[in-house]
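The chains carry the letters A, B, C and D, assigned in the order they are written, with residues numbered from 1 in each.
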């Protein structure tokens, strides 16, 4: 088995709650700068990474064309490991679009992650989720995964339960076959 | 391949910086209550877990007898997945003690994690690290691992670089054979 | 000069950015529970206080009838010292309404305060501003004041500069005659 | 009555819990950079100020010579308003030394403040206390004051209750005659 001697993770960002900031001047909330690189820096993460911001949108506002562009970026990246930060409401749809783009025998590991509370809040799931995704992308076999609520989900086996504000398995706890 | 239908993670805590609090009444710093359960709760982690506090010590104060007790708890746990929060200065020694206790064919995945800055600080690696460990323990094959600085290390292949205040691979980036 | 032997501060809350929370389930921001009492508790404030939530509104949504109700509560309170937390966009209007209600010879000290960033953010002016207001209400002579940006302003001598997102004196730095 | 057209606050720092950081490399806690200027900046305070760091010590380590130097800096400052951040254990002693240096008819307002929990903690009294001191120094008549626990105390009328970890009035709630 080949051992990569240097871990490199390509990060793409599409917006979502994790990047939301509050602009009092407008009394409203907007998607701001990607927070994931600041989280990685603060946490002392020592793997190599690059970050490219693709969109700054609420995921409800992402169009099919946007998803196609995200999938194209992921599918044509040189990296074997990709993290995509993304709003939670349509994270599953984008994961499926990427799965289609990678085809039946994917050669890279792609992990979608976001947060249910903005990273700038005192109490937030953002740092935990980014840490979770950083481990998942380094340890899981090639394929597309959603990493939310401290769980790894296959895109076809998960839904966001909006009233409960969490991701839930559609297959009663069945895990990806990582072990 | 067997799919566990419910993910259960057994958590043990041994103290360390992650749990440090400041007691102004004494003008000093002490190891306080385990912070990992609060982090999991705040982050909306939805896997099942139990937590048992074994020690509340700076890891420099842990004795060989303490390590033997920690290893015994891990080796006799019913859980297939174990996270141990631990001070960083002797994390490697304890990981090796657990590796010895589990023998050459371990049947459970054990992840040691801690933080370089207390969880109670505004800027800390604690939430990220706990998230990272939570993914590692669910995705890695049986064995003992150290999860620090956004990397997974084998106990015999890592050291804490104290002046640089980070964990570094002794084998130039070689990763565990998870993929 | 009479020395009050116990300091009591009556707090009223009208909503505003200071109390804003983010509801991911709705992908929007709303005014939530008053944050001031939690701030006072966390900060170890040892004066006595009571808190009554009057409104949970963006201050742009407060009507004249709402202002009249706020002014009535302040004017009929038994307390000599009143803090009102309020959105920043119409804080001046409400302060003027209270000034009218108290008449030309006010017998109580009223301090309006809010924040430009929600109290739940990691980086926020909320704790500082509440501390500032807590001192102002204990030290200023009877009258109505706005406490924002680390300054004490008379209601007729201040405006919110919305593009700059701060309160500014209309009289070039003239302070209340507290000394 | 003269109105200052620009508010200027001179800040001196002597160390103490408010500035404490944790150095994991040494597994210990030390007094670091002054935090007050960062707090003022984050909070959008718009008065003018200068900051000079005099000591970085636990207040238990401050000597009489140190206090004399602090008092000399305060007494010879050009500023009418001075905030001194200081450790809590000997804050009263330093306040008395400053009171002596200013003489029976002080011409400036001096406010001593610190915190019971480091400013870098998620949950801390530092921002609140700095806000409180910022208002106190702008509104109180000339003299020396201790601003802790949301109260203004005269140096001779307060003690730190170490077991309860708070400042308490020795005169049962008597306030400075600010109104």
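Just so it is clear, a contact is a pair of C-beta atoms (placed from the backbone, for glycine too) under 8 Å apart; a residue touches a chain by one contact, two chains touch by 3 or more.
Everything quoted here is computed from the prediction, not taken from an experiment.
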{"item": "Number of steps on the shortest touching-chain route linking chain B and chain C", "value": "2"}
{"item": "Farthest chain (mean CA position) relative to chain D", "value": "A"}
{"item": "Chain centre separation (chain C, chain D; CA means) in Å", "value": "24"}
{"item": "Centre-of-Cα separation between chain C and chain A, whole angstrom", "value": "40"}
{"item": "Where chain D touches two or more other chains at once, by residue number", "value": "116, 122-123, 165"}
{"item": "Contact pairs between chains, per stated definition", "value": "A-B, A-C, B-D, C-D"}
{"item": "Touching residues (chain side chain A, partner chain B) in the complex", "value": "1, 3-7, 39-40, 42-47, 109, 116, 123-125, 127-136, 138-142, 147, 149-152, 165-168, 172-175, 177-179"}
{"item": "Chain A residues within the chain C interface of the complex", "value": "17, 20, 22, 24-25, 27-29, 58, 60, 88-89, 116-118, 120-123, 162-163, 165"}
